[in-house]
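Across the two complexes that follow, chain A remains constant while its partner is chain B and subsequently chain C.
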Partner chain A sequence: MNMHATILRTPAEAALIEAFAERCSDLPGNESVVIRRDEAMEVLKQGLPTRRVESWHYTDMRRLLSSVPTYDAHGHAEVLAPVLDGSVVLPMLVGAASGAAPALEGVTFRPVRDKLADGSLAQALVPQGDDDAIGALNAAFVRDGWFVDIADGVMVERPIELQNVQGGGQAHVRLPVRVGNGVKATIVERQTGAGAGFVTSVANLVVGDDSDVLYVIVQEQPETATHLGQFNAWIGKNAKLTLFVMNAGGKLVRQEVRVVAKGEGSDFQLRGVNLLAGDTHTDLTMVLDHTVPHTGSRELVRNVVTGKARGVFQGRINVHQIAQKTDAKMACNTLLLSDDAEFSTKPELEIFADDVACGHGATVTEIDRNHLFYLMARGIDEKTARGLLVEAFVASVIEELEDETIVEALEARLHQWFAEHG
Partner chain B sequence: MLEIKNLHARIADTGVEIIRGLNLTVKAGEVAAIMGPNGSGKSTLSYILAGREDYEVTEGDVLYNGESVLEMDPAERAAAGIFLAFQYPLEIPGVATMEFLKVALNAQRKARGEEPLKVPELLKRVKEAAGSLDIEMGMLKRPLNVGFSGGEKKRAEILQMKLLQPKLCVLDETDSGLDIDALKIVAEGVNALRSPDRAMVVITHYQRLLEYIVPDTVHVLYRGQVVRSGDKTLASELEANGYAAIVEEAA
Partner chain C sequence: MPAVQETIEQVRRIDVDQYKYGFETVIEVDKAPKGLSEDTIRLISAKKDEPEWMLEWRLQAYRRWLTLEEPTWARVEYPKIDFQDIHYYAAPKNHAGPKSLDEVDPELLRVYEKLGIPLKEQEILAGVKKPGHETEADGVLSDLANDNVYKSGRVAVDAVFDSVSVVTTFKDELAKAGVIFCSISEAIREHPELVRKYLGSVVPITDNFYATLNSAVFTDGSFVFVPKGVRCPMELSTYFRINEKDTGQFERTLIIAEEGSYVSYLEGCTAPQRDENQLHAAVVELIALDDAEIKYSTVQNWYPGDAQGKGGIYNFVTKRGDCRGDRSKISWTQVETGSAITWKYPSCILRGDDSRGEFYSIAVSNGYQQVDSGTKMIHLGKNTSSRIISKGIAAGFSQNTYRGQVSAHRKATNARNFTNCDSLLIGNNCGAHTVPYMEAKNATAQFEHEATTSKISEDQKFYVMQRGIPEEEAVALIVNGFVKDVIQELPMEFAVEAQKLIGISLEGSVG
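Now for the complex of A and B:
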């Protein structure tokens, strides 16, 4: 958090402090957790980050977060059908893990409230630096979530869906996921709900050596909700992590992605799709550290922005001095569909090794006229043809995922968004 | 069916005139071959017929069934029954071929006031057409033309033509990039569509294609004009003697 003195608190800041005072005694946690919560709250009392904090420059939380709903959810939430057919669903309704832990071979599930109560999660509640507002907010308020532990060598047969459904109030969840060595798994983090909720969600994923994990974040909050997400991952030796992020909702959204390639031969792939409409603000911010030699990463983010929506992509790749032979490429492409739409891109490479291949590119494009002519020459009217091409612009990112059923499921959601906003 | 009268057209961006007083009439049931050396305006003619914006008609007219098409956009022309098989079909990542076929077919049906095709009926038609062109259904699950070989792209164009059942087919260098087996398959596909109520304009540089798609008339295009017309023997003559003699005559 920024340490500048804030004497006058905004209504949102005041509401957060008040909510903490009211609720802190009811939140789960042993003594060490309580200490972490208090520490996090002290950070928050310094004020929400403003544009003067570098990592929040394009998303001035103090200005953008106009209000915070009361902690108690009057809302109602129900378990939804999963994004991928046949998934094991772990519901979180109005901020609380719901139902008994399901049975899945080689995988252990536990509600996070238990791990707060026994203090085993206390260390993970420490914010990552002064500007980690999402980490601090979540540490102060976290109530529940699901802990997922996948044993070594398990090919997880079914996708796992961590389903967070807010009901218009506050919902603060944590998703610690430990993936053993030699595991293959698909995990979906679903962020959705009804009403003007205030959600923080922090996922911490540890990927063991030689594992292959696909982690899919589908954020479809209503256009009245505030969603603050953070995804942290540490990738082991010769392991592969593919992270797919789809932002298709929310009034004020920030999804942080913090990844450390810590094992030699590890590979990180980020595919991002931001579908932005209405009067909304969405920020996807990634910090990736290549800390050992022979690691690779590729990031591809595509954005479609319409209405008065504003979008941000910040991508920072740090290549540490010993991380020779790093191969990192980052690209961010945007289609702006209205005069009032805005998108800010800030790619950064910080390279301390001397034998690496790193690059980045950012474009703002228009629809290809040749493509448009080809479709129209088959009788497709201009409006429909444009729609197809805009959808195709982002669908091609989804198609890079190898699994056909996953591609189809995500394209169906894409299609739905375009049906509602096209 | 198609009447081109004293057509003059230029590239919109640069103002360079490509078509310079072109006259051509193609009747229903007729297969007309357009031949000519590189740069004579063959591909430009095909684009103008399809309605590409990059070209500007400065004089003359293009009549289709007696009515000018110059004010119609490409989609309206396609719905009216004009089809262009592209020399270089475009790759469009993100648009699944099957979805594209469905949207195109139903867009044309809608423009003609017909009900959209239901998926099972569509699949049946696509399967039939694909089978006769030796196209595997797996190919149609891929994004439109993406990763298709040259031959696959050309076959996919003919597949679209078969499904859309246009009245005026314009084939731009359909033989380019095809080996002899693929050429035969494509030619069979085209020949199957010959009918008394359909006209075809087959644009080609070489006579080879015309051995498989035998034309009723042959027209030589040079510097944006038809400089010579004849029957199919004209194509053989060109093959034997090259364009030089005709070009000299025209000059």
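Now for the complex of A and C:
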């Protein structure tokens, strides 16, 4: 991760190494898992990534991660009402899967600690490349999570909510989700809690052929927590994956999205909303690989930045040499609402196939004065007019999701955020 | 259209691996021994008859360079350069600073003629009066020049051959307007106060690996000073030529435009065809004071290597303009077709309030060329604006990367940027990459970026070919349309040249 192995360790790095020495014997896993954990720790001992590592250019972990809380086994967390009414909730409290596996037709649930104990998850613990700090951190410390397996041809009636509630200490979870062929499902990954927690969460989603999956990440950590999330997905033939990411909290947040379109005719849609306030740092980084011909993708990310918040969006679309007829479009729009707000964006294209249509657009701006004037000319005061415009700017991303109940539920959260920070 | 037909003819005559300027000239040269050390630098400085402060400056840069590591972040691959295996100085012999073209080695003049730059004719035609050579004919020509030639665009040329500037034309006439145009070595001797004040003020000796190396060993380059309120009466141009084997070319250009002045500067470059790679690491510094404008155009046509990717120039260049004054403007236009590797980011520091930076670029890569080029627009002053138009065309086995940065400082209220970078791919063994960085630290900043990558659509090609135009010419036409936005920004002479170059670089790419 860092080429200079001789540099002095930051307090956070030292705390991580110490935590591992203390904890490793208690963490679940057979021999092969232990080997993976040790390997991941060796990577971490090289130091956390700095701005010299290209994929971490705007999120210098050595500088930003000032401290890591000790592991607190007695932290307290409770199961919350789900984001979407009628969801099947799979709680993870202070990093451990809680309660018995619920019953849902065609779907199997298992706590991840079982899959660590029998070693079936060992292979998935190998970090992806030498800049995969989140993968390495999670591999070293992962304790639990939920494994979800949806059988072929199942139309999952109820949304599934993977609810990760931290209680101030460390929480490291993994969410392996296997979706069979011809499945339709909605999955919500919820990241929340209370206190200055240190959370890592890695979701690995395999979408089978002809399936249609909506995956929603709602990250609402308190403004004292560090949240490092990673979402990996592999999309099969003629399958569709819509990923919705909402970041509305956290002190230091990095959410990585790594998607591989590996089946012909697959479609990936990313809709992202970053609501940033306070003295916080939030990074949404996406890497999308089009590896076969005839695949499509659309990414739309909208950011509202206020207070002293700093936001980052990095998006890279790789079009492999054989991936002809790729149709990929990416857009990132940002509204800066205060003088101290900052936003950095790096939308990259890497293209090796010649018969493609790829594009990206990025804008950073303040509220359009003409729009403001239009509303104020109609007797709406400035504060309200601004609020309306900003909310509409973000809501248009949410409205692109087809399901009305989901749109309403997310808009309610959006509204709440604006009520608190607007 | 006759111009297009001409381009097509040109394209047909020259194949991709038959670089037009690949000839080598045998000229007696004075070379420094291979290798880089403080002694080499002392030797260069002594050869140039430089004052003590200049030598100190170079040595300081060299010591700094020793502590630096070669950058690896660019998307280019090449074997490690052995910096001890290069001659850092090579100058044609009997070069004692000619007063006029008559004293220049005729062999050298022939080289420039071959390159399409007839230094001598140009000057005579334009009627430059040389002391002691005044004839009636000259007088007539001079009148002619005033009537006609002026309008057809005269260009003053500084010709740099390996490590030295061999001649600068139109010097006297420029001096009448108060414009100083000479080689940088001459400027260090004749105008030390100006050089000392501005050299390294935009690209400091600590800037980056290649710029620091250049600061230590630069051998020549051009110096331009346009005084207050003067609109430079003609286009200025430098023509760089690498001729000697195993040499590196390290030129340094410094352009200063004082309050309210204007200058347009052109740069061209070629090198012989060789199997080994040669290094070219230049530094260009532009300084625009209040209300000044500098327009800098480049047609870069260094030897790109053969069809198998053997040989070619490594072009590692640091170009930066400083809009130091309020309402100043700097505009970069570049056509990049040559070099095995291009690593180049002409940038603007928008320091003055209401200043403006522009960057127009066409980068065409073919064969095994690797291009990693783009710009930086650093908004520091209030109400600054910038515009970036970049067109990349990749063919063959080449890799073409746009890498650019736009940033608005906390105090840069109302900063505006528009960026448009498009890539065109011809064939499926090449790659096009876009890596833009946008950093806004100010709520009043307004940045827009758009980029697209596509191939020439079958519909477009069909439309043109339907009208009886063969495929290859159709592609050239469409490509010329694609790059029109940039070509428009070039001075007229260069626009024609650039169009031809694009045709040549794309030869054989259809199919």
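A few points about this structure:
The rule we apply is simple: the second predicted complex is superposed on the first by the 408 of 422 C-alpha atoms of A that agree within 3 Å, B and C clash if a C-alpha of one lies under 4 Å from a C-alpha of the other, contacts with A are read in each partner's own complex, and residues count from 1 in each chain.
Here, contacts are C-beta pairs under 8 Å (C-beta built on N, C-alpha and C of every residue); 3 or more make two chains touch, one makes a residue touch a chain.
Note that the coordinates shown come from a computational prediction; the quantities given were computed from them, not determined experimentally.
Of the two partner chains, chain C is the only one that A:A357 touches; chain B does not reach it.
Within the superposed three-chain model, A:Q321 lies in touch with chain C and out of touch with chain B [touch as defined at top].
In the superposition on chain A, contact of A:V206 is made with neither chain B nor chain C. Of the two partner chains placed around the shared chain by superposition, chain B is the only one that A:L389 touches, whereas chain C remains out of contact. More residues of chain A lie in touch with C than with the remaining chain of the pair chain B and chain C.
Once chain A of one complex is fitted onto chain A of the other, the partner contacts of A:F343 are limited to chain C, with no touch recorded for chain B. Of the two partner chains placed by the overlay, only chain C lies in contact with A:T334; chain B stays clear of it. Chain contact summary for the complex, chain A toward chain C: residues 54, 57, 321, 324, 334, 336-339, 341-366. Only residues 73, 410, 423, 425-455 of chain C touch chain A when the two sit together in their complex.
Looking at the complex, you find that chain B touches chain A at residues 50-53, 73-75, 77-79, 83-84, 86, 89-90, 92-95, 100, 103-104, 107-108, 111, 143, 160, 164.
By the touch criterion stated above, chain A contacts chain B in their complex at residues 369-371, 373-382, 384-385, 388-389, 391-396, 399.
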